[in-house]
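Okay, got some structures for you below.
Note that subunit A is present in both complexes that follow, paired respectively with subunit B and with subunit C.
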Partner chain A sequence: MTETSDRGEGPPRVAQLRPGLWDTVNERYPGSMIDKADFVPLAPLRKPLSECRLAFVSTSGTQPRGSLPFDTVHPVGDYSFRRVPTTSRTDELEIHQLKYPTASANRDLNVIFPIDRLRELADEGVIGGLTENFYTFIGYNMDPERLERTLAEDIATAISEEGADIALAAPA
Partner chain B sequence: MSLQYLKDAAAAGDPEKLIRYVRLHFGDGNEEAGRREIDKAWVEALKPLLDVPPTDREFILETIRTRDPATLAHLFFHLHFYLVQRSGEWIHDGNL
Partner chain C sequence: MALDVTEHAKPPRAVFLPWMMGHHFGVPFHRDLQRRVIMECLGFLESAERSGEVRTLPIPWVQARREGIEIERRLGLRP
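Our next item is the complex of A and B:
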């Protein structure tokens, strides 16, 4: 979905899929924290999926065993992220998050953090490959400005540095 | 509830909005459950002291004396979850 500028100059401008998205969220969660008027464009795929290196971003709180646990007790949230090497075995990972049911994910991590499935898609050539790391954080954060200014920007920078062409973001 | 909502409540001296948020946090969105969790933590804090065992008061006093209020408040939240987990009644779906 693209729009060319009125004067036909410059690159085509990509349309926002749902301009009223934030209004919808705020209707559903009265008094929620989302107040964002920025243009959020769709990002069209620039090359075939089979040539794209994929980064996976998850709010599941999955992290390498032995790394500093996410701060699940802080009343305002944890604005840090963890790198999860995409070569990790699932038994090398664990979940630290209070705010969603983790019982099934503890039995099979792939239901929330599909690291094996994504490796399979890469091995089969469905996607071009994976970034060196996947990125995780926990989704209980009360300060959306801080979330955007630090955590989101830091992850976006890290993913770009790993040469990602596409990112799959999965809220838990 | 937004962070600004909580900051405004703190600035206005409105503890009811703040404690309601704490209850919702401890109760995973259920205020009444959160209220019970707060009670549970205090009960669990009381139990180990009933026999008046020796405790490391030097550690406690040194910690309070040398650490900043934010770290101590953060520790307080940690202790809440430590105590409710110790109770064996874990209402949360996930892991610390």
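Our next item is the complex of A and C:
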């Protein structure tokens, strides 16, 4: 494992395989990257995990076969989202996204969209259940303020209406 | 995948995985690893003490990939 101690204090950092990603993208597309000034307050868990309904939110571009494909070539991005029923089999889903390697996900979708593993954890009672749908969009969006104002708010509202207690978000 | 992007976005909790993009939950057919990533995230929900903490799953990419290859061999998916 590659490790660095560039902070000079605390535990060593584990290096990401592709360093400098934020700087690279921000130089090419100024203002396109999320850059928050402060941390949001930590929301404590209010009940045991075994009683919590989980929502999964993914930027993987996973969507039900036959649904309107994400617009992966729009110059400013696609600010829409898709609902993926949590009862879906993996062969009922497909990926529309160009910004990350999908070869492995096309062989086993669970590497990017772990719907089978999450269903197993719900069936075993490790978590209390799943929302009716998982939510997906694509990560290529050039306007982070618009993303926060529209897409993020819309998905947050939707998963709240589905009774989510906890959310697992995986940027792709 | 991208710790620097995570640090700019400042989520209240995050688990950093030092793996290839497109493999946030591991490698194909490696159910135990996929599950371990999720369990690490769920455990963090219970144990987080302050906003902004980033934890790391200390499994290098080479190990995840090697284990995945072995699993695929056992499943007859590769020679």
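In this text, the second predicted complex is superposed on the first by the 133 of 172 C-alpha atoms of A that agree within 3 Å, B and C clash if a C-alpha of one lies under 4 Å from a C-alpha of the other, contacts with A are read in each partner's own complex, and residues count from 1 in each chain.
We take it that contacts are C-beta pairs under 8 Å (C-beta built on N, C-alpha and C of every residue); 3 or more make two chains touch, one makes a residue touch a chain.
Bear in mind the structure is a predicted one, so any value in this text is a computation, not a measurement.
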(message) Looking at A:A55 after the superposition, I want to know if it touches subunit B, subunit C, both of them or none. Which is it: first, second, both, neither?
(response) neither
(request) Determine, under the contact definition given at the top, whether A:R107 touches first (subunit B), second (subunit C), both, or neither. (result) second
(message) Going by the contact rule set out at the top, does A:V84 touch subunit B (first), subunit C (second), both, or neither?
(response) neither
(message) Just checking: does A:L130 make contact with subunit B only, subunit C only, both, or neither of them? Give me first, second, both or neither.
(response) neither
(request) Kindly classify A:V76 by the partners it touches after superposition: subunit B alone (first), subunit C alone (second), both, or neither? (result) first
(message) According to the stated criteria, A:A164 is in contact with first (subunit B), second (subunit C), both, or neither; which is it?
(response) neither
(request) Have a look at where A:L118 lands relative to subunit B and subunit C in the superposition and call it first, second, both or neither. (result) second
(message) Contact-wise, after the overlay, does A:L151 reach subunit B, subunit C, both or neither (first, second, both, neither)?
(response) neither
(request) Please tell me which partner, subunit B or subunit C, touches more residues of subunit A. (result) C
(message) Please report the subunit A residues shared by its interface with subunit B and its interface with subunit C.
(response) 33, 100-103
(message) Under the definition above, what is the set of subunit A residues touching subunit B in their complex?
(response) 31-33, 61, 69, 72-76, 94-103, 106, 142-144
(request) Spell out the residues on subunit C that touch subunit A in their complex, using ranges where they run on. (result) 1-5, 7-13, 16, 18-29, 31, 34-35, 37-39, 41-42, 45-46, 48-52, 56, 58, 60-61
(request) Show which residues of subunit B lie in contact with subunit A when the two form their complex. (result) 1-6, 21-22, 25, 28, 74, 77-78, 80-81, 92-96
(request) Within their complex, state which residues of subunit A touch subunit C. (result) 1-2, 13-23, 33-36, 38-43, 45, 49, 100-105, 107-108, 110-112, 114, 117-118, 120-121, 126-127, 166, 168-172
